[in-house]
Structures are given as C-alpha cells and as structure tokens.
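This is the structure I want to talk about, given as structure tokens.
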Amino acid sequence: MQDILKKLLEEVKSGKLSIDKAMDKLKSLPYEDIDIAKIDTHRELRTSLPEVIFCQGKTIEQIILIVKKIKANKTGINRIIATRANKEIYKEVKKIAPEVVWYEQARIIASPSKNKNKTGNILVITAGTSDIPVAEEAVVIAELMGNKVNKAYDVGVAGIHRLFSIKDKLFDANVIVAVAGMEGALASIVGGLVDVPVIAVPTSIGYGASFNGLAPLLTMLNCCAPGVSVVNIDNGFGAGYLAGLINKKSK
Amino acid sequence: MQDILKKLLEEVKSGKLSIDKAMDKLKSLPYEDIDIAKIDTHRELRTSLPEVIFCQGKTIEQIILIVKKIKANKTGINRIIATRANKEIYKEVKKIAPEVVWYEQARIIASPSKNKNKTGNILVITAGTSDIPVAEEAVVIAELMGNKVNKAYDVGVAGIHRLFSIKDKLFDANVIVAVAGMEGALASIVGGLVDVPVIAVPTSIGYGASFNGLAPLLTMLNCCAPGVSVVNIDNGFGAGYLAGLINKKSK
Amino acid sequence: MQDILKKLLEEVKSGKLSIDKAMDKLKSLPYEDIDIAKIDTHRELRTSLPEVIFCQGKTIEQIILIVKKIKANKTGINRIIATRANKEIYKEVKKIAPEVVWYEQARIIASPSKNKNKTGNILVITAGTSDIPVAEEAVVIAELMGNKVNKAYDVGVAGIHRLFSIKDKLFDANVIVAVAGMEGALASIVGGLVDVPVIAVPTSIGYGASFNGLAPLLTMLNCCAPGVSVVNIDNGFGAGYLAGLINKKSK
Amino acid sequence: MQDILKKLLEEVKSGKLSIDKAMDKLKSLPYEDIDIAKIDTHRELRTSLPEVIFCQGKTIEQIILIVKKIKANKTGINRIIATRANKEIYKEVKKIAPEVVWYEQARIIASPSKNKNKTGNILVITAGTSDIPVAEEAVVIAELMGNKVNKAYDVGVAGIHRLFSIKDKLFDANVIVAVAGMEGALASIVGGLVDVPVIAVPTSIGYGASFNGLAPLLTMLNCCAPGVSVVNIDNGFGAGYLAGLINKKSK
Amino acid sequence: MQDILKKLLEEVKSGKLSIDKAMDKLKSLPYEDIDIAKIDTHRELRTSLPEVIFCQGKTIEQIILIVKKIKANKTGINRIIATRANKEIYKEVKKIAPEVVWYEQARIIASPSKNKNKTGNILVITAGTSDIPVAEEAVVIAELMGNKVNKAYDVGVAGIHRLFSIKDKLFDANVIVAVAGMEGALASIVGGLVDVPVIAVPTSIGYGASFNGLAPLLTMLNCCAPGVSVVNIDNGFGAGYLAGLINKKSK
Amino acid sequence: MQDILKKLLEEVKSGKLSIDKAMDKLKSLPYEDIDIAKIDTHRELRTSLPEVIFCQGKTIEQIILIVKKIKANKTGINRIIATRANKEIYKEVKKIAPEVVWYEQARIIASPSKNKNKTGNILVITAGTSDIPVAEEAVVIAELMGNKVNKAYDVGVAGIHRLFSIKDKLFDANVIVAVAGMEGALASIVGGLVDVPVIAVPTSIGYGASFNGLAPLLTMLNCCAPGVSVVNIDNGFGAGYLAGLINKKSK
Amino acid sequence: MQDILKKLLEEVKSGKLSIDKAMDKLKSLPYEDIDIAKIDTHRELRTSLPEVIFCQGKTIEQIILIVKKIKANKTGINRIIATRANKEIYKEVKKIAPEVVWYEQARIIASPSKNKNKTGNILVITAGTSDIPVAEEAVVIAELMGNKVNKAYDVGVAGIHRLFSIKDKLFDANVIVAVAGMEGALASIVGGLVDVPVIAVPTSIGYGASFNGLAPLLTMLNCCAPGVSVVNIDNGFGAGYLAGLINKKSK
Amino acid sequence: MQDILKKLLEEVKSGKLSIDKAMDKLKSLPYEDIDIAKIDTHRELRTSLPEVIFCQGKTIEQIILIVKKIKANKTGINRIIATRANKEIYKEVKKIAPEVVWYEQARIIASPSKNKNKTGNILVITAGTSDIPVAEEAVVIAELMGNKVNKAYDVGVAGIHRLFSIKDKLFDANVIVAVAGMEGALASIVGGLVDVPVIAVPTSIGYGASFNGLAPLLTMLNCCAPGVSVVNIDNGFGAGYLAGLINKKSK
C-alpha cells in the first residue's frame, strides 16, 4: 500500500490525477462494498488466496450475495473459496458458480485451483480419527494456495510407535501442522523431534475436562518444545494458510 | 421521584391528601401490576422510550398479557417495543396490536415512532457481516428514540483500509457503537481514531477460543484507547439506548 | 487526519511540498519517537487531554525519559499527566518538572490545569470507602480536562437509604461514574433511577468469590437497567475521561 | 440416629435382639433398596418432607420404579414429590399414583399435602418475569412442607420503586427467598433492607456475560449486606426447603 | 423504615414538621456522613449488631476516623466492632477506644458485649485445623450478638468417625456453621445428617486445584443435601451473623 | 518394545534380516494403517484389552471401516470393543460382526469375553441413580478384561447411612471406583474409610454451578483423604480399565 | 470398623460393657482430641503410614502441639511425618522430637522408617528439573511406607529420546508416578508405553497460560492413554501414598 | 535420528558394533545425564541454538551444575544460553563462564555468538513501552541464532498512525513478532496489513480484566486476519526462536 500511496502522490503532482479523484481512489480501491460486506477483490494479487467467505454465522442470502459480487468482478479475479460450508450452502452456490467443487470433510466450497504445479512440502498430521475434518480444512486451503501437502492421520501419542512410523514424513517437511483434541500432546512431541516450524491446532474433540478444546489449547500454548505456535481451536483454515505462507517462502 | 415525593408531602400538609392515600400512591404510582410483571407505564415520560419487553425467557402467554395491559393503559402511553422477538411472537402480538412493525434482522417488534424529526448523529459499525443482527438491534432502538443513525458494516480490522474508507462517517458522529465478535479489536482502533464516546458491543460470533463472546468482551474491556466503554455480549439494545441518551444531550 | 491528508495532497499538487517530504511528514507528524516510546505531542489539540503516561509496568528511567521529551516539546504543548504513579516516581518527576502536583489518593502526577472555568456536572460515587482511590482517579482526570465534578462516597446498596440521601446529586448530573467492588450492585440501582449515561467501574475490592473484581465486572455487564456501560476493573482513568467527553458535549 | 443406636444397644443387652439381627437392622433400617436407588422411606418422619425424586437425569422407567416402591411402602408413608418433572413424566406417574397433582410452572408432581394449617410467613420474590419458574419451585416445596408463603414477582432493581411498593410484605416475612438472574442485585438490596435471613437464588436467566447464571451467583456471594446466603443456580427446591426449615422454627 | 415514613407523614400533616425539615430528615436520619464513609448509627437498634467496620482495604487513618465518629455518637450507641483487623490496627484503635478487646484468631476488635445472657444453640465446626480463623470469626460475631455458640474443630470427612463423635452437638444445634477448605465435603455430610439449617463457609485453605477456595465453594453450592446454603469464601462474619439471626428467632 | 528392538538387532547381526526389512518391520509392526486410523492389532497381547474404538466424534462409516479391519486381522486377534456407541452404531456393527453384544446402559458394543474365570474384587459405586451409565461403562470394561466386579448404586453422602450399609463391600474390595456428579463428595468419604486405591470419576450430572462436572472434578482433586486419584469427567472407561490393571496385579 | 462395632455389640450383650461405656468408646476410640485437632493415633495400624501433619496453613504453635500429642501417645505409635514443612518448622520440631530427619527438597520432616526391607518397584519421573521438589515428596512418602522407589528426572517430551533412554526403568515398574508442569504431556506418552497404573501429578511449574498448573492438570485429565489417573496440582504426597498402596498389593 | 538408527543397524550388521554397545549408544547418545537434568549436548548441531537453560523455577545450584557440565563438554559445543535469569544468577554464572554477556532487559545470559553474518529480516514490534522486556527476549534469541532483527516499539493501536509510520519495516520483513499486552489488538492489525507470518506474543502487561495476559491471548487466538499464530503469554523466547526458524529458511 506504501507503493500505491507514493504513486498516487506522484500522479497528483504531475496533474494526471485531481485531488478529489485521488481521495476517492484511496477510499474505494481495494474492495467492493455490497452493504452487508466489503469484498477485498484484490486480495489474490497480494497473497496466493482470494478473500475467503467464512460461512458460519452468515445467512445463505448473504453468502449468495457475496458470491455473486465476486463472480461479477471485472478484474478477472473471481475465484470462490468458502469455508465452514454445509451441503445446503454448496447446492445454492453451485447454481450461480457451477465451477465450484465440494470438499465434504473439509467443509469447503472452492473454484478449482488452476495452478497444477504444487511446490514445497507441508505435512498435516492428526492425533485421532475425529480430528480429520479440521486437518482436511488445512490441507485443502494449503493446496488451493499451490502448496504440496502430505498427510498422516491418527498418529496420536497414546501409541507413540504410530508417530515414529511416519518419521520420514516428519523429517522431510518444511512446516508441520499438528491437529489434536483431547489432551493435545501431539504438538509437544513433534516439536521436540523436528527443527521446522510446527503449527499446532487444538480441536474441540474430547469431552468433560477438555472444555470444548480448552485443554489441548493450553497444552499447546505451554509446549516446552520451541518452534511451536498455536492457532484457534478448530481453526484448520488459519493453520493451512499460515503453513502455506511459510512453505512458499522456504528455500 | 424527588419532586413527586415533595409534592405528595405538600398535599398531605394542605389536607388535600389523606395519609393512607399518600401511602397508597407511593406504592402504586409508576407501574401497573399484572402479577407476573410490574409494567412501568410512565417510563416514556421520563425517557424517550417506553418500557421495553425483553422476550427471551418469557412465554408467549406472558408477553401477550403484558402487551394487552400496555394497550389498555388509559394514560395514552401505549406504544409497544419488544426485543429478542421471533416471528411466532410477532404474529401473536400483531393480532392484538395491529400497528406494530417487525424488524426481522433486529428481532424487534415495535409500534412505529411518531417522531419524524430524527436528530443528531450516531454511527453504528460492525467488524463482520455476521455481527449485523446485533448492530441492527442498536440501530432500531436508537431510531425509535428519535435519533438519526448512520451505519457501516463489515469494516473489521483484518482489512484496515475498509475502516479508513468510512473516515468521514467516523469523524462526523457524536457517538459510535462498535459491534464486533471474534477478537473484537475494532473498538480499540476506532477508540484511537476519534474523540467521541465509543460504545463497544462484543458479540458471540466466533468459535473456539472466543468462548461465546468472552474474547471480544475482554479485548474491549482492556482497550488502551480511552473513551471506550462496554456493554454485555450481544447487547445491541443497551448500546443503542445508551448511544441515544448521549446523542440526544449532545450540542 | 482526513484534513491533514487533503492539505498535504494540495501542497504536493501546488508544488509547495516535494513528494519525498510529503512521505516523511506523513510518517513523523503526530508524535516524537524516543525509541522506547512514541509520544503523541498533538493529542491535547484534538482532545482536552495531553498524552497520559501510564506508569505501571514502566521503569522510572523510562518515565523520566518520556517526561523530558514532553518538556522539551517546542509546540508549547508540554503538560504532564502520569497515572498509577507512586511517591517515588513523583519525587523523580518533580526534579525535572517542578510544576507538577501529586494527587496521592488518585495516584496521579499532573501539571496543574490552567483552565479555571470548570463546566457541566459529573457525579462520581462509590459503594464503599475502599473504592475511593479508583474514584479519585476518575475525579482528577475529569477535572484536569476542565469538567466540574461532584462526589458522594460510601453510598453502596447494603444501606439503600444512603444512596437516596444523595438524590439531588443523582438527578442533577449529566453523567454518573459509579465505582463499586464486592458485588457491584450500585450501578444497577443508579441505572434504574436516572436517565443519563452511567459509567460503571468495577473495582478489585473484595475477597473470595469476588475473584479480583470479576464479580462486580459481571454484575455491571449484566445490569438490567439500560444506560449503563462498563470499563475495566479499577479503570478510574478511563471512566473519568469518558465522563469528561460526554459532559463536555452535553447541552 | 443417636437414639436408634442407643435403643438398639439396650435391646441387645436385654436380649430382645440377637446380635445378627441388630447388625441387619443397622444396615436396612432407613431405606429400601431397589438396585438403581435407595429410597429413604423414613425421611418424612424426621423432616416435614418425604424423600424427593429429582427427575432430571433419570429415565422414566427409573422414576416409575421409585414411585411404585414408595406407593408399596407398608409404613403408610407413601407421599410422592418429584421435581424437575415434565408433562410426560406426570402422565406416567399419574397412572400409578392417581392422587398426584401437577404444578406446571414449578415442574413439580406431588401428592397433595394433607396439612391444611399453613403457618409462619415466607416471602418469595423475583427480579423478573422469567425467574418465576424457579420461584414457583420454592413456593410449592415450602407449601408442601406446611409453610405459609407470600409472593411478589418482577420487583427487580432496574425499577427500585417496584421493590419499595412491596415493603409491607418485606418487613412481615420470617425469611425471604430472593430469585434473580441477570446481574442478581435484588438479594443485595433486600438484604440491606430487612433483618431476617435472605436466601438468594441465582437463575440462569440472562445472556452473554451472565455465563448461565455465574454472574448473579457471584453477585449474591459477594453481597455486602449480611444475612444473605446462596444456593445453587436455579435451585428453587433447595431455597424453598431451607426457607421452610427456618420458618417452621421461627417464634 | 416504613414506620418512620408513616410517622413523618403524620407529623407533616399535623403541622409538627415543616416540609423542608421532613425532607432533611429523610436524608440524614439513619447515618452520619464523614465524607469517606456514611456510618449507620442506628443499626444496632434494628439488628443485634452495630455497623461493623470491615478493615481490609481501608487505611488506618480511615478506620480511626470512623471509630472516632462512632465514639462521639450522642445516641449512646457507640459500640465498636471491626473485622479483618490486624494487630497494628488494634493498637491504634485501643488508644481511642480503650474498652476494646482483641480476638486474635478471629481478627476482630470489639467492645465487649454487655449482654451476658447468651441464648439458643449455634454449632460452628471446621474440617481442618487451618480453617479455625474463619470459624472463630463466625463464633465471635455470633457471641457478640448474644448467641450461645458451641464449637468442634478438625472434624473433616477424611476421618468420618471424627464427625460422628460430635453427634450430640450436631443434633442439639438450632443452626450449624460448617467451615471447610480443600474439597469442602463437610457441609454435604452434615447436611445429610441433620434437619436444621446448615450455613456452609468455603475457605481458601488448600492448594493447586482448590483455586483459592473455588473448589469448596462449588462443592457446597452443589450439595445434594437440602437445608444447606453458602456464603462467600472465608466469610466467617457473614456466616456468624446469619446463624445469629436464625438462632435468635428459633423456638 | 525394548525386547523387540534387541531381537531385531540380533537378527540383523546374524543376517536373518536385511537392514531394509528391519526398517520396515520397525515401522509397520504394531498396527495396521487404514488411512483414517492406525489400528493397534497387538494391543490385546500386551494388555488384557484389544484396542478400543471410541465412537464419539467418528462417523458410522469410519467405525465400520475400523471394525472390518479388525475382523480381517489374520493374527486371530479380532475382538471388538466400542465405547460411547448408540443403538444406530450397534445395528450397523452387528451386521458385520454378529457376535457382538449391546450393553445399553454402558453404551458399549463388545465381542463377548471368552474368559469365564473372573478374578479379584473391584467395587463400583455411584452417588446417585443418574450416575449409573458412567458406572456401567466402568463395570463392563473391567469385566471384559476378566475382573470380578461388585456394584452398589445410589449411596451418595446426602444419606450417609446408605453408604454405611455397604461397608462389607467397601472393605472387601481391592480397588474402588467412586462415580459421582453434583458435589462429588462420595470419593472423599470413601477415601477416608478404606485403605485401597479409590478411582474417582466425576460426572456431568448436576446443574447450575456444577458447570458440567467441573464441581465434582475439583472436589475429587482436592480430596483430603489420600489414596484417591481422578479421571476425566464421565470417563467410566478409563476408571474401569485402571481398576482392572490394579485388581489384576493385586495379591 | 465393622469388626469393632460387632465386637462392641457382643461385649454389651455379654455384659462385659455397659451401654454408656459402649457409647463413649464409639466416640473416643480412634483419635485424640486436642481442641485444635483430632489426631488419628491408630492410623498406622490400618495403613503403613501414621497420620501425616500437613503444615501449610497451620501455625508453628499448632504443629508443635500436634507433635507433642503424638509423642505422648501411650500406644507406642508415635512416629512423626510432617509435609510442606520449611526449615523453621523443622528446627522447632527437632527440639521436641530429636529423632526426626529433614528432607529438604521434599519439604518433609519424618521419624526415620524402621522398616529396612523396601519392596516392590515404584518409578517416579519428572518432565523437568523444576518439578523435582514435588517428585521428591512422592519419593520420600513412598519410601517411608516401605516401598522401593526408582527415579528418573528431566525426561520430558521436548526431547523424547531422554524418555526412551529410561525404558528399562519404565518397563520394570509396578506403578509409575509422572510429575510434570508446563504442558504436562509426559503422562500421556508414558501411559501409551506401559501397561501399569500411571499416577499423573501436574505441577505449578510454568508461566502464562499454564495458569498455575491448570494446563498440565487438564492435559493429564484428558489423557487418551488409559491407565492414567490424576491427583491435585503439586500433590506429591498423594501420588506417593497412592503409588505405595498399589505397589504394596502388587504381586 | 532416522539416519542414526539406520547407520547403527548397518554397523551392527557389518560387525563393527556389538549389540550391547548399540543398545548403549541408543540410550546415551544425545545428552549427558547429571541426575537433576539431562543436557542435550548435540542440540546446536541440529538447530542453530544449543540447549537453553530456563532459569525460572531452578535453584542457583542447579543452574551452576548444568553450566559446568556444558562447559566440560568435550565435543566443543559448550555455548551457554540461559533465559529468565536475574542479576544474581548472572554473577554466579560469570564466575565459571567468564565469556558470558548479560542482556539485562531480555533477562538472558549468553556466550556471545561467533556468527557475525546476520541474515534475513525479522521485525519485532511492541504495542507499549512495558512490553519491551518480552520483545527483547525474542530479539536476543533470534540474533544469537544468526538472524538479522529490526525493532519498532510502542506502536500499539491506540494511536494507529504510529503503526503506519513503520510501514517500510512492516513490508520488508520475512516474519514479524508482535508483542502486546492489554487488549492485544496489535497482532490483528498487523496480520491484516502484511502477507508474511506474524507470531503474536501476548504479555501479562495490563490489569483488571486482562487477567494476567488472558485477554490479549484470547484476542490473538481469535484474530480474524489469517497468517497469525500465537505463543504462550510472555514467551519472548519461543517467538524469537520460531521467527528465527522461519527467517533462516526464507528465500
């Protein structure tokens, strides 16, 4: 945005741009306003991902309105990605954006990525079978950004040999996403084994004193192994995106 | 009430009022007792708003009983305002108070305001699209009190330029209501930009470590920017009412 | 800041300002950078209060550095206000800013206000004797902004007649700051009696299940009476500042 | 039980009772064992209330089994009282205990009390209309114990005059049950006005930072007014029973 | 206060009292205002206890000021009771009120009770030795009100036979105060054995997951045995006062 | 595993095993990988229990896949145990594993134990009737491991004589599982009576300040009686398994 | 106690014992009452440990009083064990019980165990160096009970190879005590490796989101590996005692 | 470790290594055992950092013992890094490791890095002046690993222009560490501006409803901007290390 501002000032100086228009540009540039939402239509240029629609808490009407606006965008940037989406939403979106694909486990609706050359090496692992949906959200997001993703599920610490059997995968990754509910100890063990960034995702899987994910969240935050950081409970999207950022920049 | 008490004492002294009647008056004056509720029939005289029916937790039968009593009030003060009302309640109330209007997003049933001259300038903003219902509750309440209200939705801090594009609105307002879930940082930013009171409304929008609104609540309470105060999670009504109080008294 | 930006663009256009200088100005304008802190030297122009030094958590060395920079400011805006300050800090500051006054109960160090014409009417009340330091912080801040402040201490709800004896003060105020620890019910009662904004300040006074102020904080947030908003536990500064903002704008 | 033990020892000494039988008696005396429950069939002799069936968490089959056992009790003590009971349970119980009455608001099923002489004076009050079901649970239990009960609902502190209009009732009671959700300040005010025991019942009525009744619970526990004690959230039964105990013993 | 109000109205009617004086009386009657505190000088008439000074959180200067005012009271009601008082406070108070006694364990300073005829029967028990200070606070307060108090300390449930050895005391009491930290199970057991009110006092004695008394507080609130109510953590004063109220009214 | 590693190294040395095959063995030995889960097929050899399927949070498809894999296991170890299973799951599993039995209260599906010689003596007790499902989970698991289990339900502390009537059972057990919701005091009492390990299981039975089992959890953790340890809220499985381990090793 | 009761009844029957004396015996038997404490003088007969003095929260005077009483016990059972004891307490106790030893790290004062034949095999491990004091409390208690104890400290999961290097110790133990602060994952890993009971002890070692041990407590409670149970935060005593109970009964 | 294992197996096969020695090697390889701690002497080979001594909770004796062992290490890897170290510790360490430097603000003792070629670009920013110590811990750790670090302190959101003035630094960084207490909104704003990983560090700076850092922790976890992950409260070390990992691998 620094550059945009500098260029703007230069155009004003050279007379190419009137002051009023400069003011307007500053306000309207990076998004479209549809009253219920301001859509960041340029986001994909800056990052590898377009603005993502977080469906939870939005009405179907609102989602459709946003999808329509993105589809109508004249810049040619009109890829759809919607998370926390159920089948009902998918059916409605499909009607106006027939290209979209439905990732059921990940609960993601997305225009297929045109980028076929996936690069780097992200590893997404889960402690249990029930953690898979959160992990899949991370996997799909990272792949949509053009990253190459490996997975290994149900390798939790209650059977430590399961984790060791995937050592090759662990030591080959540029960055690891560790998804775990219950006591969430997976991230600690992995963090002690590898020397790459580990993104820990606590899940709400568990019962009783898990307090909907508080237990693994605290476990991961208190992790003795350095190199581990944490995202919100069940936030597969955030973990996948961050892993993508790190992987893309990795040598 | 100070005045009422003084006048009462004077009437007793002058003999206009017997002691027993004075005692009775003190008890019965400002409300009507319908056993399940004591309705403050004089409230609109003192404030710009009649007593508001908070529907959540009440049975339809109780709500209808209260509405009937208000409608039957001989003082001429029989405007209906009911919050947290769903469609089913609306249909029942409509039968006995056909003048009422249904504000769907705000979940408010209300007799239309006769006051057409809305004054002042309240700005209601939200961080996201999902926060709109809470914001609308604030908007409708403030408008029913006779305040002029501006709005700007989906201007959360994840895309700070969205917020800056509404700078004119921000700097023109007498008081701002900032509605945000997730991490609730909106109030902090706005509080740092403006020099008018900011009423922060945390919402239960979010998941995981938002703990049903605890996260934005704490964020807003710890706001470094002075001039910010906080109401209960999802309490659009309280924010709208308080904004109305401040706006009405503003020069 | 909108105006500053517009003026800048105009000066660039007219050639008065080179692009590089405009860029610099945008960066350096509203504060002075002393490495450990960025001091907002223009704040008093925009609000009625200069940038306030929050002493808690800062070393004496850091505080003195900031005070020196403010004193050296060539704009003539060099009023000192420091909160959460103990006697030791006061003695050190006094050496380099001999004009400052020490408000012991309020724990505030301040250059005396030149404004002798205090206006409006703020009422600050406390539930108990132990809540007075927090209340005094609010009182001193509001007065330093040029507001007229009334006080009434130890009027908590355990003896409701104490509260009623200050009815005149309650009904005359433009805005009320209600400071209470323990169960914090004071704000609810006052909020039900008056029709002006009530700013509730929970304090950490109490023991056991008060959990360092959590109990009065929740009480105040759940207040049934509308017109009440809440600031952080023990945040007398924030309450005083907000009350000042509202009072100053009141008709 | 002291007496029972002494009598037992005496009967053993005098030879009336063999040692083995004494052992058996000690084990089986005060209840009947039906495998899923041990029913205290003698409870009504010791207190004014038979063993009460807490329905929440029990299957209908379990409840019916317990009712049948009580009905079959040969001691003649076979009065039924069941709390937290819905209509479905009532219908099933009615089939095998046709004498029972259904207190809908209080969610209580009970054999009618034969005691027509209700004595003493308990006052049950609520802050709002939505708190009534919890209050009714207290009222019905206290009445089933033979206590005289007054009530006054919707007298919360947001309109303090409502509370004052019931002063006669407040000052006449031997013991007061104060039921309140939201911020729960009612108990504090009442505790400051009267000199009889106040039993505070927080309710889960509220939203947001009420955290399902945590807010009024903490308010009531931190009550500055002495003479107030607290029972569990929504525990109308406990409050009614305790009020009954106190009232029955009152001069 | 009802009576005071009625009498006032009558005096106004009969001309004995002018309206302005009536207004003044209403305000000033039941307390003396010393700026930092409003002292309820008539309290002892209404209850068996004068206004009690809660020392925690007050400066010695404030405490001395309040004591002086009480001593100077012309009504003859000038008994001193101060709780949460350490030795330093005691020494200072002793200088101006030489009649006071120092209850070290209970941390209470008090003018000796003139009432020598202690009546009724309150039992105060503790689970452990460390809970004794809180229990002593209850004992001293109840005795100062003129109640007869029995005690039994260190009878916690880890050795259930200890509790049973005090059965006589348990069954003779009109009301029982059960003081316990750690897991706080004492109140549950006692509540299941007796048929008189049990006032449960959680203490902050414990460590780790006691969370400063949260554990026994929750235990006591969830007590299955009816007849048990709870006061704040470490609130021996409140428990003693409430037990006194109940005992005094007991047949 | 120490032994397996040593044997492996020896086979490699003697040439029986190639290095690559040794590497493979280390990875694949103790489980089968079916992508969504890694099944520990050898678990029953090491412990008395096969790998248990925790159904909660898994889809029926996932459960069926796991069951199929276990059934197909060529080692002959293909006993099925699935916990937190509802009827729908049972019906589906029955189709492919017709030998399984449905323990409705315990919510367990299991191949019947071939071991008819149950040994030792575990006692499982509950405070109330509603705690039975959690207790039954413990009972069934312990029995499936070949342990002899006694039970005594509804012996909570509100009627302490109920507990004493089962003294014989209490003193005969090698290990006791104490299951309780509400205030959870049962474990404390039992822990004070016996000299064998007590495994305390808090349940989510209760309401209000039980906070879904937090209250009994804290009670049990703060238990003054030594010899008591705690498992997760509602974790009947864990308690039954641990009791089994201890009982099996008992002299 | 069943036996004692039976014998008592027999003596009464045979006339050996009068009823009054039987009553007295029932009350006074198992402890000595010194007003501030009831000392269980027979405890060592029933368990392998005498009554233990928990010093925290007791005054030195109280501790000395208890020690004196134990020393004066005529039964010959006068072994001293005091936990959470600092040096000051040790010096005072030493004066009247010169045989006692001071275990500095474990903070235990104890008469030396006469039992030289330590049996069985308990393993006590810690995650970090800072957890050692809690572990030592467990070690000393278990040894005082006559158990053989192994230790391995600083084997936390951040360096998993450290844990594996003590595999022999892990697989040889009858019962393992796992002491860990921070994220507390040690218990989960160990629980997944061994088939003996694991007693998990969370410690308050850590900072920030460890919340004084809440994080490892929740981790351990949510442990996926079966066979793990948990004691209170920092409760080395409880863990050592329980491990002793299990070890002593192990085949 | 995969490689080490493979090589070991090969050496065993070829006869270079006996089985017993292989077993020993596996156990003793990567650390030295000094009873109170297991020191990972090879860590620096694997990462850019030697094993770090976390001083908090350790005695000076323990720290010195560990330092001595590292100094005595014959591999030549004997660089000292100790965090959370006060001056007293520094003085003692200096005596036996005279090369160490004392980073006062960061509370770190370290052997100076020999690596003079710092590479990449990490930016460390703080919201306030009081957050600097935590930030400095991150800065020093990252620099000791050989990273180039920029800093910008006191750029919190209460004065958003402060943040914008460091835009160049923000857009040039490979990874950003955002340190903030109070409401912690800094990470959200920065996360919305940049497209590189942001590591958010909540601090315990604040008061009242900050609950020792819980408020900024929750804010950061709920951050709407993707690309942000969180470490423990005040965990400057972890953030610095993770930033170092990411920066070192960045193109």
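So that you can tell them apart, the chains are marked A, B, C, D, E, F, G and H in the order they are listed, and the count of residues begins at 1 in each.
Keep in mind that, in the parts below, a residue touches a chain if its C-beta (ideal position, glycine included) is under 8 Å from a C-beta of that chain, and two chains touch if they have at least 3 such contacts.
Note that the structure is a prediction, hence the values are computed from the model and not measured.
**Q** I need the common contact partners of chain E and chain F, sorted by label.
**A** Intersection of chain E and chain F contact lists gives D, G.
**Q** Let me spell it out: compute each chain's centre from its C-alpha atoms, then which one is farthest from chain A's centre?
**A** E
**Q** Please identify which chain has its centre, taken as the mean of its CA atoms, farthest from the centre of chain B.
**A** Following the centroid criterion, the farthest chain would be G.
**Q** Among the listed pairs E-F, D-E or G-H, choose the one whose interface is a repeat of C-H, with over half of the contact pairs the same by residue number.
**A** The C-H interface is reproduced by G-H.
**Q** Weigh B-H against A-F on C-beta contact pairs and write down the one with more.
**A** B-H
**Q** Starting from the mean Cα coordinates of chain A and chain G, work out the distance between those two points in Å.
**A** 49
**Q** Using mean C-alpha positions as chain centres, tell me how far chain C is from chain E in Å, no decimals.
**A** 38
**Q** For chain B and chain C, let me know how many angstrom lie between their CA-based centres, rounded off.
**A** So the centre of chain B lies 26 Å away from the centre of chain C.
**Q** Going by the touch rule set out above, which residues of chain E reach two or more other chains?
**A** 1, 128, 159, 167, 193, 208-210, 214, 217, 221-223, 232-233
**Q** Note which residues of chain C are touching chain H in the complex, please.
**A** The contact residues of chain C facing chain H are 1, 26-31, 35-38, 40, 54, 56-58, 62, 66, 202, 204, 212-214, 217, 232-235.
**Q** Which positions of chain F touch chain D when the two form their complex?
**A** Within the complex, chain F contacts chain D at residues 128-130, 132, 153-155, 159, 161-162, 164-165, 181, 205, 207-210.
**Q** Tell me, which parts of chain B touch chain C in their complex?
**A** Residues in contact with chain C: 1-2, 46-47, 52, 167-168, 171, 174, 193, 195-197, 199, 217, 221-223, 226-233, 237-239, 241-242, 245-246, 249-251.
**Q** So in the complex, which bits of chain F are touching chain E?
**A** So the residues of chain F touching chain E come out as 127-128, 156-160, 182-185, 188-189, 191-193, 206, 208-211, 214-216, 218-225.
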